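Listed below are the structures to be examined.
Two complexes follow with chain A in common, the first pairing it with chain B and the second with chain C.
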Partner chain A sequence: MKESVKELNTAEKYVEFFRKNQPVISEGDPAYLLQLREKAIGLFEAEGFPPKKQENYRYTHLEPWFGKEFARYFRERKIAFDIDDLFSCDIPSLETRILMILNGFFYSNGQKGLTELDNGIIYGSLREATRRYPELVGQYLGKNAEMEHEPFVALNTAFAQDGIFLFVPGNQHLEHPIQIIHLLLSDTDQMVQHRNLFIAGKNSRADIIICDHTLSPHMFLTNSVTEIYAEENADVDIIRLQNEHNSSFQVTNTWINQERNARSRHSTITLHGGMVRNNLHVKLQGEGAHTEALGLFLIDKKQHVDNFTVIEHRQPHCTSHQQFKGVLDDDATGVFNGKIQVFQDAQKTEAYQSNNNILLTDTARMHTKPQLVIHADDVKCSHGATVGQLDEEALFYLRSRGISVEESRLLLMYAFANDVISRIKEPALKNRISHLVEKRLRGELSRCNCCRMQCQD
Partner chain B sequence: MTNDQDKIIGEVTGGDYKYGFYTDIDTELFPKGLNEGIIRNLSAKKEEPGWMTEFRLKAFRHWQTMKMPDWAYLKIPEINYQDIIYYAAPRKKSRYESLNEVDPDLLETFNKLGIPLEEQKQLAGVAVDAVMDSISVKTTFQETLAELGIIFCSFSEAVKNHPDLVKKYMGSVVPYTDNYFAALNSAVFSDGSFCYIPKGVRCPMELSTYFRINAANTGQFERTLIVAEDDSYVSYLEGCTAPMRDENQLHAAIVEIIAMENAEVKYSTVQNWYPGDKEGKGGIYNFVTKRGLCKGDHSKISWTQVETGSAITWKYPSCILKGDYSVGEFYSVAVTNNHQQADTGTKMIHIGKNSRSTIISKGISAGKSNNSYRGLVKVLKSAENARNFSQCDSLLLGDRCGAHTFPYLEVDNRSAVVEHEATTSKIGEDQIFYCNQRGIDTETAIGLIVNGYAREVLNKLPMEFAVEAQKLLQISLEGSVG
Partner chain C sequence: MLLKIRDLRVSVEDKEILKGIDLEVNPGEVHAIMGPNGSGKSTLASALVGKDYFQITHGKIDYEGKNLMELSPEDRAREGIFLGFQYPVEIPGVSMVNFLRTAVNELRKYRGEEPLAAGDFLKLMREKKQIVEIDSDLTSRSVNEGFSGGEKKKNEIFQMALLNPKLAILDETDSGLDIDALRIVANGVNKLRRPDNAIIVITHYQRLLEYIIPDFVHILYKGRIVKSGDKNLAVELEKHGYDWIKQELDVEAKLSE
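Let's turn to the complex of A and B:
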């Protein structure tokens, strides 16, 4: 930086960085991917990072995070470790197919990069899938996640090299949920940009659990994109469990595209994380599609969590339901920005949204901005938002029955969070998350819960 | 019943309304465009003191560095600020010789509102030969008010006669740096009203622009300043229920209110500027900055607005709740039809302890219009036990219109309780069927339902306004039912 004649801004640095490393980044890429990267970097260059106070990033200015110094690796680094020594999974009682991403690259652990089942289901490394199934992947990759005016998607599209690919063909369903464990483990501060692509064919079903974890105390910056396609009558359930340490910064971009009668449910549970921005964009493209977006965040210290959702009702008879809840302690900052957009002629839409937050201290802050943009008349839309504290009367009621203040507070907070948890379908997972939330509320869940190194920073 | 109410309105407003206008034969017009020279001339023309000219110039210089805001959910055609005449003496000449020349649509509306013929002529800009003794009316009111120590005059008069007050309060709530239109207004404002209620005085009548001579046509850039001292009360009405055919395209007004300890200010607006024709041609751009400061403890500012006119409305009457136990209220009905666009709402900034605010907003969109509610509730760290309740409902009539809600809640204090809820729906077919069944035709039924829907807000209007506002709602929505 110091020696450069012209000071480049953060965005320009990224563009320059891309150009310099392009051969390595796009090594072995099929032609369509090269084109996509080219387009992405062009759009990113034109747009840059969202400026301060930009409407969609009003309360979360991300550029400074991206301006920090991070190591970026474009080849998988061999890190000598034994995953079993380091990591114990949070959901032991649930039978899942575990796929791992280590620092943005698919971690095969000696197994195949792509698993192909007899019934046509494919899962594994996206990088391998782009090469082995160029047509299938090319048909979907980058088609849903918009890059115009979405600089983080554009940036990811330019840089992303690997991630998880899941394809469930028509009339098939995943026997066990796929659990994607996204691990960050490094000996330096590192930036990671991976990308996931899930395709659920007609009448298919897929359950996916994504867990974000940090395994070393370094500073991490993640900018990930997950594209999800639910074809006609497909059913997709995604649960994202975020549990990273406080010097990690994460931007997730999730784009769900739903055809006729498709159903989706996306739940984000944020237990820990220094700075988290979750962008969720759902497009209801076919009649009768239904989506649920759930979110729960429990934050303290100086954590900052920003949930941003857009639900596009593009066709008639679609329904959506959003519920986001937050408990904020210490100096934490929470943001909720939810938009329901009903397009012209999307009649008979039903869209509901609610956002409730509890502030536990005077230094915690909450910014909430629910929005309705409606261009059709035969709709039922509502949103509600509240910011408040625990109900004094409820507290008194519990205390009058001999329950201590601490315990009453916990009970009430737990009840508050339970609205979201109770909507999780899989019982084993529900119990597990419920347990984690309870532990988190009690302050017993350390952010290194799943790591066996116990190396508190 | 309506007739009785009409009579009351006639009594209260009719007589004075007519005199409120005067026909000036000042042909003085400034050249188009805006520069420091124009502002200096304008200031000189109004015989303003040096500090006023300086204020205008500072505002103008700041304005030049600003860009027009684009965050509102509005499509605003490019405005050429150099193509506007910034000083035109109040309407120079009557435009029509008799009512026969006036647009029959307009007359029809007047009749529906029950406006007396003489007034109709005034409003449409027909030359009125019946000369009333306007001076005496003016003085009668001013005498009553002066006895109580209330100052109620045009802004220019205030600058001349009460410079200390103006200097002290002007720009203290809406500084010229506040926003683009506020800066523009501060630079070129033509006139407006000034109102000062001394300590402990309860203003005995609703102060209204109706009663004020010389200010009804102050043109594009009005400025209002209301100061309510300790323990005082005033209710202020602004606007006009009848459609004003004004040739001005751009209106950028500022309203500032300061309420001291225990003071209460109630500000009601009915805005019915020309909304443009059915194809969306023409119409007023209404860009208004209204803000009240609850400076003292236990002070209260209440905004009530019925917005039915203007092609584009950009308006956010706000309250800064600085005093402990201060109260801010915002009641709004915004109706858009045809191609109208409205982005309106409020800001409630809680600074004082135990401050409370209520927001009730009812949006009604019809035709191809877009109607947005945009509101900010901000609770600062100091605002212990702040309380806010917001409700924003939107009613959609027709499948080509839009209703949007953009609330912002920013809470920095845990003892605060902030609630917001919004719904969007259309009129239930069962409700219309019920009315039809009882012999009420669909159009009347919709009027009935809309009035019921907006009742919560209309009830907050002073009586004179409320009745007319109800009719106005009906008229604004006419033809919107296919």
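Let's turn to the complex of A and C:
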């Protein structure tokens, strides 16, 4: 079945579209999911898209993007291609369990929809998990990602049909990182809304890598939600590598919920993308929880990247570190909006935030806005933001040793970016990302894998 | 002749700092340029390496028959000019190894040579480190970041050893060094002296010149070289202080009135 949104870019259009396609969208859904969708579409209908200049979306007005004409499919389409031919991720010496999402649906490539290990670890298709483990999934799905005043989460909740499910039971460790490769490949402009759910039980550990790729030159719009639960003393590390082409528009909504002494680290590396909006919302729900939010974006031409973060300190003795860095070339625009919210009971909070940006041209623009809302009196919070150029003294020093202007600039940009990259734990992945960033800065990156598509213009 | 400077005038933000400098340097020579603070010593060094903050308003700089002023800073380095900075800048995130390997290979490329393989480069580094007795592991450090004053100056001479320049300009390499570090740095420079290269040592004090024995000493005062001589001029200067030069010049100025 194929449907297209026409002319009007209003929220009502989406609601109407949902009602019309509901039987197909929710085909085979267990009761709790049907209810969740109903609630979601109701909230979306009440709220609509954020209006122009709404505070949280001041520099990124998304409604026009959602009003464009995209095809949307509610059943997995068979696309005649050999994935191994088109795509193989080449991170040398990094052993991962690769899971693919193709246009919003779990792509089994001959494997099982859900893999269940002897130690209780489960990973694979979320769609299948909602049916096979209704109690487990029902306990978590939609419980962390808020839909009120979050129209993109509500919209995704109503429409999403598949994505990746990961469950690591208490005291278990994922032996190898799970690598989720989110591929867009179509014969037409297309919109995709998928959903991921990761649950890390008590004392467990999970490393997850998410790669966003486009494999055909069509326009794509993605509105995805990833819900993450870190139970008591769990340790979760997520790295998201965004490398889509310039005609792709992406909204990611990541919600992390952490219980007592849980640790999380979320890194977003944006190498390419036409318009990217990353919403990261972390709730520190238990005492002693710690989170790190890292971000690096390298953009040029007319690319636009907006990182929006909310860190909620709800309990005492929690710590949070945020570091976001951007290099902007040509007419690129960037936004960083980082909110730290300290609740009344959250004494002894430590919350730090920094945002540093380099503008390489007079026409690149960066908007940066820290927001500290503090209701406790015994806290340590700090924020700092800079927007500047490359250090002239350093540039001259390098040139005086015979290094060309271009190469000198590159070394300095790379050094700037490396601050974030150096914090990636896994050495093989760190080296790979470091290599990709260098290629990106040299303007040589047209793809970060062995795919045969030349996605960049 | 390696370097020939004729009537060089240099301004900074429309203020004339150098008011007509003449200097000739031949291969194998060591020239010392001394002078009180604010006389223009560092301006001369910066003008020679092409820092664009300094505007050359008049004069010529001829280097191996080329007009130096037409060359970019990186091309001057590739042609064999090296500046040991008075205040080496810290560059966090750029590793020493990556920086130096890039520099060495850019120079090799300019000469039409193949780049050095990683292993050969590390070997070269180990060898040159000994010249200035650097024992720390530079491979894990960023350029000048967290280096002590002495380490920074040693690092400059270490780079000189690696890049093997024809003309090295050492701008107050002795400032901020204790006597042990001074000896190490000076010994390093002496090891790099050869009949086919030249060194310009810029210093405020004669102390450094007890270790690096110059062939010529020039005294720079108010933007001009007011006195030139051999190494004994530095000794004399140390004995009488800069007031001696100032008085002598002021007397001359009065007489000419």
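We adopt the following convention: the second predicted complex is superposed on the first by the 437 of 457 C-alpha atoms of A that agree within 3 Å, B and C clash if a C-alpha of one lies under 4 Å from a C-alpha of the other, contacts with A are read in each partner's own complex, and residues count from 1 in each chain.
The rule we apply is simple: a residue touches a chain if its C-beta (ideal position, glycine included) is under 8 Å from a C-beta of that chain, and two chains touch if they have at least 3 such contacts.
Just so it is clear, the model here is predicted, and its values are computed rather than measured.
By the touch criterion defined above, A:384 reaches chain B but does not reach chain C.
Between chain B and chain C, the partner in contact with more residues of chain A is B.
Legend: residue contacts after superposition of the two complexes on their common chain; A:412 is shown touching chain C, with no touch to chain B. Of the two partner chains, chain B is the only one touched by A:373; chain C is not.
Of the two partner chains placed by the overlay, only chain C lies in contact with A:400; chain B stays clear of it.
Across the superposed pair, chain B and chain C touch chain A at no common residue.
By the touch criterion stated above, chain A contacts chain B in their complex at residues 55, 344-345, 347, 357, 359-389. Interface residues of chain A, counted against chain C in their complex, comprise 391, 393-394, 396-405, 407-408, 411-412, 414-416, 418-419.
Chain contact summary for the complex, chain C toward chain A: residues 49, 51, 72-74, 76-78, 82-83, 85, 88-89, 91-94, 98-99, 102-103, 106-107, 110, 142-143, 159, 163.
Interface residues of chain B, counted against chain A in their complex, comprise 71, 73, 379, 381, 394, 396-426.
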